[in-house]
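Two complexes follow with chain A in common, the first pairing it with chain B and the second with chain C.
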Partner chain A sequence: MNVEGVFYVNSTLEKLMLDELRNSCRPGMTGGFLPGVKQIANVAALPGIVGRSVGLPDVHSGYGFAIGNMAAFDISNSDSIVSPGGVGFDINCGVRLLRTNLHEKDVVPIKEQLAQSLFDHIPVGVGSKGIIPMNARDMEEALEMGMDWSLREGYVWAEDKEHCEEYGRMLNADPSKVSLRAKKRGLPQLGTLGAGNHYAEIQVVDEIYDKFAAGKMGLERLGQVCVMIHSGSRGFGHQVATDALVQMEKAMKRDQIEVNDRQLACARIHSKEGQDYLKAMAAAANFAWVNRSSMTFLTRQAFAKQFKMAPDDLDMHVIYDVSHNIAKVEEHVVDGSLKTLLVHRKGSTRAFPPHHPLIPVDYQLTGQPVLIGGSMGTCSYVLTGTHQGMTETFGSTCHGAGRALSRAKSRRNIDYKDVLGKLEEMGISIRVASPKLVMEEAPESYKNVTDVVNTCHAAGISKKTVKLRPIAVIKG
Partner chain B sequence: MDQELGELSENDFMLPPIKYEYLDHTADVQLHAWGDSLIEAFEQCGMAMFGYMTELAYVEIKQVHTIEANADDMMGLLYHFLDELLFLFSAEPFLICRKLKITEFNAEEFRIVCKCYGEEFEIGKHPQGSEVKAITYSAMQIIDEPKDNKFEVFVIIDI
Partner chain C sequence: MSNMFKLKLTALGHPNPEGFNCEDEKEYRSVVLWLEDQKIRHYKIEEREGLRNIDSDTWKEAYNTYQKDLVSPVNDGTMNEQLNWLLSYAVRLEYADNVTKYKDVKAEQPKQAAPNVVSSNPLDNLDFDSPAFKAGVERICTLTGVGPHPDPKFRLAAVAKILKTSPHPSPQTTDTFNINQPVDVLNLLFIQDLRELQTKINEALVAVQMITADPRTDTKLGKVGR
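This part shows the complex of A and B:
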């Protein structure tokens, strides 16, 4: 190992983490991914890593890197690597939060209609196709321009861009580094939510922990209605990642890069494969922002129709948009000196402190808003970045609940009717395209998001600001 | 004969038995398929992937498309075979397959040609299952033991 590996847990999460390790060490266990603990250690052994390989509280085993793992590599070191497994297949998967000036009591009487309307507006689930008109040329432009494309085409508001990491556009995106195959997979899926753990939720403010920061975000009263959108770069990003993994296998042999696990396919940052991946990844990141922006547009339309008011009058501003599967070039202080690093965040959210130059003016005093999506039927949180997080975890924190049970186990152990019954009891409307997702995505299948968030808060790597409670869920 | 059926013959409508299962795996799913030959195990593995995307009982055979996969080794071949099938579903012609028939299986040059029978995926007609993001090499196994008549494959797909 080149650096230390660490992970943040409380006692409940520690048990899950160590159980995962113990299970994988049982005799006769073959195959599958390595347990998260070992994966964090393998990442700590990658060439050029600095600081620590960090597991966030929602960490669990994933492809190559654990999900909920961040690692930073020194760009000035010619041995340093970039790894698609450190970003994930769903490049720039992320969360966007919109606010409204509605109160829960305005929504409850028409909640079912509103949920249905959202479900009708946003294409969801496997095999769904986008409804935003797009041809191959539009796609090239969108890949290069990100949210600037959405703005030019009239799908978003100018101020939406301000409240988005990178202002919704990675400038180093180069669509010519993306395979035709990825573009063909991406084109029909632009403006679709996807399946799995992706969702659009109508939520209400349930608790405010930090009145000042919440106020800056326009969240001022309990019961205020918000919409959270969790989605990524769809088949486009999946294909970019797949293509890069194939390329990097070859580059590793050529450059004799040794790693502990074959799944940690990587290339030197300064090699052709490394640079090509970063440019293609940036294009996929732009795709994801256009995707979330298209769904923002559809959400505003759905609300406007239901309430017969313009989205402007409903104050449907983007509070923030975070990326939790991405690699970014950032400046950090390492051992007392300023360094330019390539920070991989896989299932980890950037959480920059107050006064950081890369966060919008509106949040200069509060720190960057961090959006943590819960699992189906559980709460979500808005956190803010802290100075301690900046020094301990390169300005990174958790991303969500993190799976605890496998999908197959969820289907076996959890009853469809029980889940729907519980959701109804809690007053949550649900529209879901695939019935088996109801069990797979049941809250019991996940770690408790409150444990995860409280651990980050207690460790000081981010700070609790607002808790949101769902009242309607739309899923693939 | 129905126009859409084109080059389909009666034999093409004979459905193969199911020789696959889904194994437990955190966050993802492992496909386990077997058969009387490695070719059949590969075909079954492809069917298993489509079976995870929808319920195959709702899929009719209306079109046939041919795919080709090439690789440097056997695992690569299985990977690229599945990746081609995934692509057939994800972009034009958006084909969801009921049946796969490998017509060429070259174990020396690692090349597969496969006929894919099915129809365009249609929401409302075909129940929406899980979305497959990618095929992985993770814990991939190919068991090819002709003397014991044992032909099995294991693949984890990222969902």
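This part shows the complex of A and C:
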């Protein structure tokens, strides 16, 4: 190992994490992913890594890197690498939160109609197709321009761009580095939610921990209605990652890069393969922002129709938009000197502190809003970045609940009718494309998001601001 | 140059400043002798023989020795430069002899041709010689660890250099209030400026949107997955 590997847990999460390790060490257990603890250690042994290989409280095993792992590589070191496994297959998967000036009591009577209207506007599920017409040329432009494309075409507001990580556009995106196959997969999927853990939820403010920070975000009273959209780059990002892995295996042989796990395929940042991946990844990130922007537009339309009011009058502003599967070039202080790093965040959210130049002016005093989506039917959180997080975890924190059971195990152990029944009992309207996959996303399959968030809060790497509770869910 | 000589000779009380022609070798020599006799008086009277022989060929030699003895910085320069330095030196000596008489004299403000430019930057009107300014610089310097220097502006430049390097040194705990208070004020002013800028950017984007925006949806394209 080149650096230390660490992870943040409380006692409950520690048990889950060590159970995962113990199970995988039982005789006869082969195949599948390595346990998260081992993956964090393998990442700590990658060339060029600086600081520490950090596991966030929601960490669980993934492809190569654990999901909930962040690692930073020194760009000035020619050995440093970039790894698609450190970004994830759903490039720029992220969460966007919209606020409204509605109160829970305005929404509850027409909750079912509103959920149905959202479901009609935002196509969900595997193989879904969007309702925003796009041709190949639009697609090329969108890949290069990201949210600027949505802005130009009039799908979003100028203020939306202001309140988005990276202002919704990675400038190094190069669509020519993306395979035709990826573009073909992506084209019909713009403006669709996808499947898996992705969702759109109508939520209400359940608890406010930090009145000042919440106020800056426009969340001022309990019961205020918000909309959370959790989605990514769909098949497009998946294809970009798959294409890159093939190229990188060749590059590893040529440059004699040795890693502990075949899944950690990587290339030197300054190699052609490394640069090509970063440019294609940026294009996929732009795709995801256009995707979330399109769904923002559709959400506003759905609300406007139901309440017969303009989205402006409903104050449907974007509070923030975070990416939790991405690698970005950032400046950090390492051992007392300023360094330019390539920070991989996989299942980890950027959480920059107050006064950081890369966060919007409205959040200069509070720190960057961090949006943590819970599992289906549980609560979600808004946190803010802290100075301690900046020094300890390169300004990173958790991203969600994090799986506790594998998808296969969930399918075996849980019945989908029970899951739907339970949500109904809790008064949550639900619209799903494929009910039979719902048990994979049942709250029982996930860690308790409150445990995860409290651990981050107690460790000081981010600060609790607001808790949100769902009243309607749209899922794939 | 001759005008400059005229001014200085007048100031020194030369009997004929108007008629002096520096190109004339003889007049030049006599002015040098007059300066030494009346104003500079570097040599004892008997030592001035060499300079007194204005018509002699050895005068030049004596003049060179004289300049070296005065440690003139321009004894390799042109004749005019040499004389100009001698005149300035004489003026300086004259002033030093009568400081009390001259120190209150103020030059008349020449009329300004250009209109007065009123500076809007309050920092331009800062009095760098005021004790308050010096004390302030002294305080910042102790906090940032900048060493002593007689010129406070020089020390302030050093502080600016330190502030530009990052990461910043952390302040000593006893002085955090002194540092944090102005830092907070600057931060708030900066955020206000930034907000104004961002609003202007948004306005520009909206203006462009008026021309380019044409959001369309086509529900026929939609398809819900399985």
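As a working rule, the second predicted complex is superposed on the first by the 476 of 476 C-alpha atoms of A that agree within 3 Å, B and C clash if a C-alpha of one lies under 4 Å from a C-alpha of the other, contacts with A are read in each partner's own complex, and residues count from 1 in each chain.
The rule is simple: contacts are C-beta pairs under 8 Å (C-beta built on N, C-alpha and C of every residue); 3 or more make two chains touch, one makes a residue touch a chain.
Computed from a prediction, not measured in an experiment: that's the story for all the values here.
Of the two partner chains, chain B is the only one that A:Arg407 touches; chain C does not reach it. Touch criterion met: A:Thr242 reaches chain B, while chain C stays clear of it.
Contacts of A:Ile67 after superposition: chain B is touched, whereas chain C is not reached. Once chain A of one complex is fitted onto chain A of the other, the partner contacts of A:Ala433 extend to both chain B and chain C. Contacts of A:Gln275 after superposition: neither chain B nor chain C is touched.
Of the two partner chains, both chain B and chain C are touched by A:Ala195. By the touch criterion defined above, A:Ile131 lies against chain C but remains apart from chain B after alignment on the C-alpha atoms of chain A.
Once chain A of one complex is fitted onto chain A of the other, the partner contacts of A:Phe33 are limited to chain B, with no touch recorded for chain C.
After overlaying the two complexes on the shared chain, residue contacts for A:Glu153 are found with chain C alone; chain B is out of touch.
In the superposition on chain A, the residues of chain A touched by chain B in one structure and by chain C in the other are 125-128, 188, 195, 433-434, 476. The part of chain A that touches chain B in the complex is made up of residues 20, 30-33, 60-63, 67, 89-90, 125-128, 181, 184-185, 187-189, 194-196, 235, 238-239, 241-242, 262-263, 403, 405-409, 433-437, 440, 476. Interface of chain C with chain A (complex): residues 166-167, 187, 191, 194-195, 198, 201-203, 205-206, 208-209, 212-219, 221-226. Residues 22-30, 53-54, 83, 87, 89-92, 94, 96, 121-123, 126-131, 133-139, 141, 154, 156, 158-159 of chain B touch chain A in their complex. Across the complex, chain A meets chain C through its residues 119-120, 123-133, 151-155, 158-159, 161-162, 188, 192, 195, 297-298, 301, 333, 336-338, 355, 360-362, 364-365, 433-434, 476.
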